[in-house]
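Every chain is named by a letter (A, B, C and D) in the order it is written, and numbering of its residues begins at 1.
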Amino acid sequence: MNKILDDILEECRQYTQQGEVASYIPELAKADRNELGIYVCTNVGDLYAGDWDRKFTIQSIVKPVFLMLAAIDNGIAYIKEHVGVEATGKPFNAIDYAEPLLLKEHINPMVNIGAIAVCDLIKADNDEHRLHRLLEFTKSITGNPDIEIDMDVYNSEKETGNKNRALAYLLKNSGMIKGSVDSLLDVYFAMCSVKMNCQDLARIGQLLANRGFDVHSKTQVIPKEDAVFLNAVLTTSGMYDGSGEFATTVGIPAKSGVGGGIMANCPHKMGIGIYSPALDTKGNSVAGIKMLEKLSKKWELSIF
Amino acid sequence: MNKILDDILEECRQYTQQGEVASYIPELAKADRNELGIYVCTNVGDLYAGDWDRKFTIQSIVKPVFLMLAAIDNGIAYIKEHVGVEATGKPFNAIDYAEPLLLKEHINPMVNIGAIAVCDLIKADNDEHRLHRLLEFTKSITGNPDIEIDMDVYNSEKETGNKNRALAYLLKNSGMIKGSVDSLLDVYFAMCSVKMNCQDLARIGQLLANRGFDVHSKTQVIPKEDAVFLNAVLTTSGMYDGSGEFATTVGIPAKSGVGGGIMANCPHKMGIGIYSPALDTKGNSVAGIKMLEKLSKKWELSIF
Amino acid sequence: MNKILDDILEECRQYTQQGEVASYIPELAKADRNELGIYVCTNVGDLYAGDWDRKFTIQSIVKPVFLMLAAIDNGIAYIKEHVGVEATGKPFNAIDYAEPLLLKEHINPMVNIGAIAVCDLIKADNDEHRLHRLLEFTKSITGNPDIEIDMDVYNSEKETGNKNRALAYLLKNSGMIKGSVDSLLDVYFAMCSVKMNCQDLARIGQLLANRGFDVHSKTQVIPKEDAVFLNAVLTTSGMYDGSGEFATTVGIPAKSGVGGGIMANCPHKMGIGIYSPALDTKGNSVAGIKMLEKLSKKWELSIF
Amino acid sequence: MNKILDDILEECRQYTQQGEVASYIPELAKADRNELGIYVCTNVGDLYAGDWDRKFTIQSIVKPVFLMLAAIDNGIAYIKEHVGVEATGKPFNAIDYAEPLLLKEHINPMVNIGAIAVCDLIKADNDEHRLHRLLEFTKSITGNPDIEIDMDVYNSEKETGNKNRALAYLLKNSGMIKGSVDSLLDVYFAMCSVKMNCQDLARIGQLLANRGFDVHSKTQVIPKEDAVFLNAVLTTSGMYDGSGEFATTVGIPAKSGVGGGIMANCPHKMGIGIYSPALDTKGNSVAGIKMLEKLSKKWELSIF
């Protein structure tokens, strides 16, 4: 089966030359578009190929992490009172909605404004504590105690993050951020700057595939219903404005980040981590999606 | 197991008093909100409860029927050149896009404008022939040779269908309707007015669950890849602007219609037909969704 | 003073090479971009230069004609109950507003959807009669009994007018068109295809400048309050999405058409007709606006 | 003529009971809806009635002040490179436009986001200096050396101004704010909190009516072309989403603020200041507009 991953990786290498590496901050632009890696965690052993151990920042792949911890802290019902789960939202159209309940209809935990709102729902004494909890939680779901933040990326995100500041103040205006916008955004930027490799992503995917049960530590790390909820949200909204297309061509829950990573999982079967930094116009890794398409077809992974 | 459906139906009877029966045409307003039915086709036998044999018009549940036949006729790749599959579209924002390729990004086969565009892709000598083919195809996927059109509803739809005319002329303006808008809309209105009962819907669902293979006639009625494609589209967009929420609470591919029906399926397992005419604000059957929620929980149907 | 117009015309001749002649129907594409004309009706005599006697179709300049006759028929208050006068409207966003009162907020008599709605308010036994009344009215406000329709343009407009059909069915859906969409659009397309030269446009402008009093026939052709109302609407919305910019650079009420004409007036002073068919991206005559800018500066015409 | 103002004021007193006093900050909610004042500066003397000497915060009436000073500093052409002048803009739709040139099309100096952008164009060593210049300029155009800031309102605006912070960070994201968002917003909030009475507003109006020439000091305080430019912008966009309607019923350049003030002028004739704090749904003083309607009709002020 390692042969299968190797073959798929070589077949898809050509796609690493399509799309563009993210360049809105200099650190991301340094990524090497020729790198390509995949890691698969099945319940009977791991498979991998290529540059699976290259570390990169997870960026938007932190959004399901926020949602998992916020759901554990508050329960799904409480989360749903604060953020919507439709893919139709256009949050800034809602600028004139002073009422949180109206704004809620327009935000989704897999887009920036919704993810910031969800981050605020994570319980903590203060934002420093919030970041600490998030890092510990990230270590537990990846099974990797060495998870850390890329400080260069973090500082760049913080410096250039004015669009996210605009979104956060829109939330603040609707009473959806309780404390300081600045320190909450520090948590957000720091967590976007967490470094992982394909194995780390695959481990998160495996946890979701097993509906929250960690086969390595033999513990239920997140409640089953939270894992199922998250997989539903990932399927309808996890791949930006390409989520519908991805459902038709790959057909498994996944989340991408502009750092070039994709965290995916096939329920009951496996977790998958992908890395290839050149992105399509929607922000998803070009070669990464191609590898998942071929893998889905080869192994009949589609949940549909 | 019949006991299970009976119990669920009784538990959900209270919800028939919530929401409103569709009233935009007088015929739909005549529906009895107290009626409630469910039919389940598993590969080892059928289960049913309540008013499962009440006939009602399928309305938007015709959208997957259009998509299946158009995909069989043209292949999925050709379909995707003409309509998008994202849930984000706001088609009328695209009024100034003269180019079909730009409009495409904003339409989806599960909303009216996209369904009309898909209907035009079905191969036919003329619109009379198109309707004939659609009716024959509907008979084949339901296994019911007695499928027919409710002429009163059809005439009402035709009389009051000015919003759909607006949408169709927008398509015509972009070159996405080849022939006459009027006669194509006749096909559209006629097919929305097809009458089915819960068994008919469950049979369509069963066909999708079995990835196009009809266990009754032992034939592959639609290609496997078309069935999978359709289930992906249903999951991300089948329940109007409630699709994301439905994915998190029920978690199976489904399509609802304002006539009160829901056609759902659990891949590899079963097809489900529901009837209860009172609708929530998004146009989905209130009690119908509640029954699916309970059934999904009871039988662990969620694909996530 | 004729010298002034000649000089301005020559200074602006270079701008006839900018922009593009409208090409959505073949007849409009036949226009000669080198033609450039201007006609000014002051209360003490006329001035003109260039191709002022070239005939062209008035296109959107018919919108103020509709509004004048509808206001005479119904009074301004009644008109305002049906169409809004803000420049902010995005009518197709309002597709889900079934209620006319909600749609009203989003339409404006100087954009297509609003103009169609206003045309429906003109009193007539039937649409043939409506067209007859409009032609007679047009003859009276231009003082030109030879006004006629360009049948080639009319037939082309009718053939390609699917976007306007979409808009009209949206109105019909909201109960804002009482009779047949098709025959109302025939009136609309016919009136867009009325031929005028710069003198005809200048005469309409002069009538508005004199607040409805025709200095030639010594009669009050339209009520003073209707002329003032129309000039207000022209100033805020007459030049498509370039109305705000035009107010700052020229500063007088005006209406342009994609046939290359501009009808303008300086209250109490003069009416102006312009012809130059190459258009900017907003649909306004490039050289036409330039001539008005120079004239406004030279004669200090700005009303601000 | 004083009798005329008294009569109009009494006729319109009933309208003070319609609409609502602004309440988004406690200080504004303290306004007495029964107060009603008007002040008119003609070039041959002043007229006034009612509570004309009541002081209130100018709020959005600061927007033309920003625009005047920015135009003096940079010239109109430079201003137009940064902000648009159409009333059609929906700035937050433009969140994904990273390029300032694209965002520009969607902002207008008479709405918050455009006014903040214009404020940034005012030349200054730092924001403290910017505020100082603005206060000195405000004193010069009102002829009132005692102009000052209401510190309670300023502090409240600052505390609750998260929507404006969202808008400002959107500008910052596009490179349209050069320095600190926080200190620029301090200037913005402080200037919104400047207190004036009806006489102060009428003096600004008179300056615009006389195209920048101050008849009191016999000096050209602002360039003629800047005054004309501003009056054009006020006419198309000065009364929020009620600008088109105001043009048809009153027909003179004006700017309103949620503090209840209206600054208006009739070119070549007079400046007008109004105070009445109860607002319509668009944010304009109800009784204030009614007084201007009656005055416009009585004195035939409409520029159209």
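Assume a residue touches a chain if its C-beta (ideal position, glycine included) is under 8 Å from a C-beta of that chain, and two chains touch if they have at least 3 such contacts.
Please read these numbers as outputs of a predicted model, since none were measured by experiment.
Hopping across touching chains, the smallest step count from chain A to chain D is 1. Interface chain B/chain C: over half of the residue numbers present appear on both copies, so the contact uses mostly the same residues.
Averaging C-alpha coordinates per chain places the centre of chain C 32 Å away from that of chain D. Centroid to centroid, with C-alpha atoms defining each point, chain B and chain C lie 46 Å apart. In whole angstrom, the spacing between the mean C-alpha positions of chain A and chain C is 54. Counting partner chains per residue, chain B has residues 90 touching two or more of them. Per the contact rule defined earlier, chains pair up in contact as A-B, A-D, B-C, C-D. On the chain C side of its complex with chain D, the touching residues are 76, 80, 84-88, 90, 108, 228-229, 231-233, 235-237, 241-245, 247-248, 251, 253, 267, 302-304. Those residues of chain D whose C-beta lies close enough to touch chain A in the complex are 90, 92-93, 95, 162-163, 165-170, 172-173, 181.
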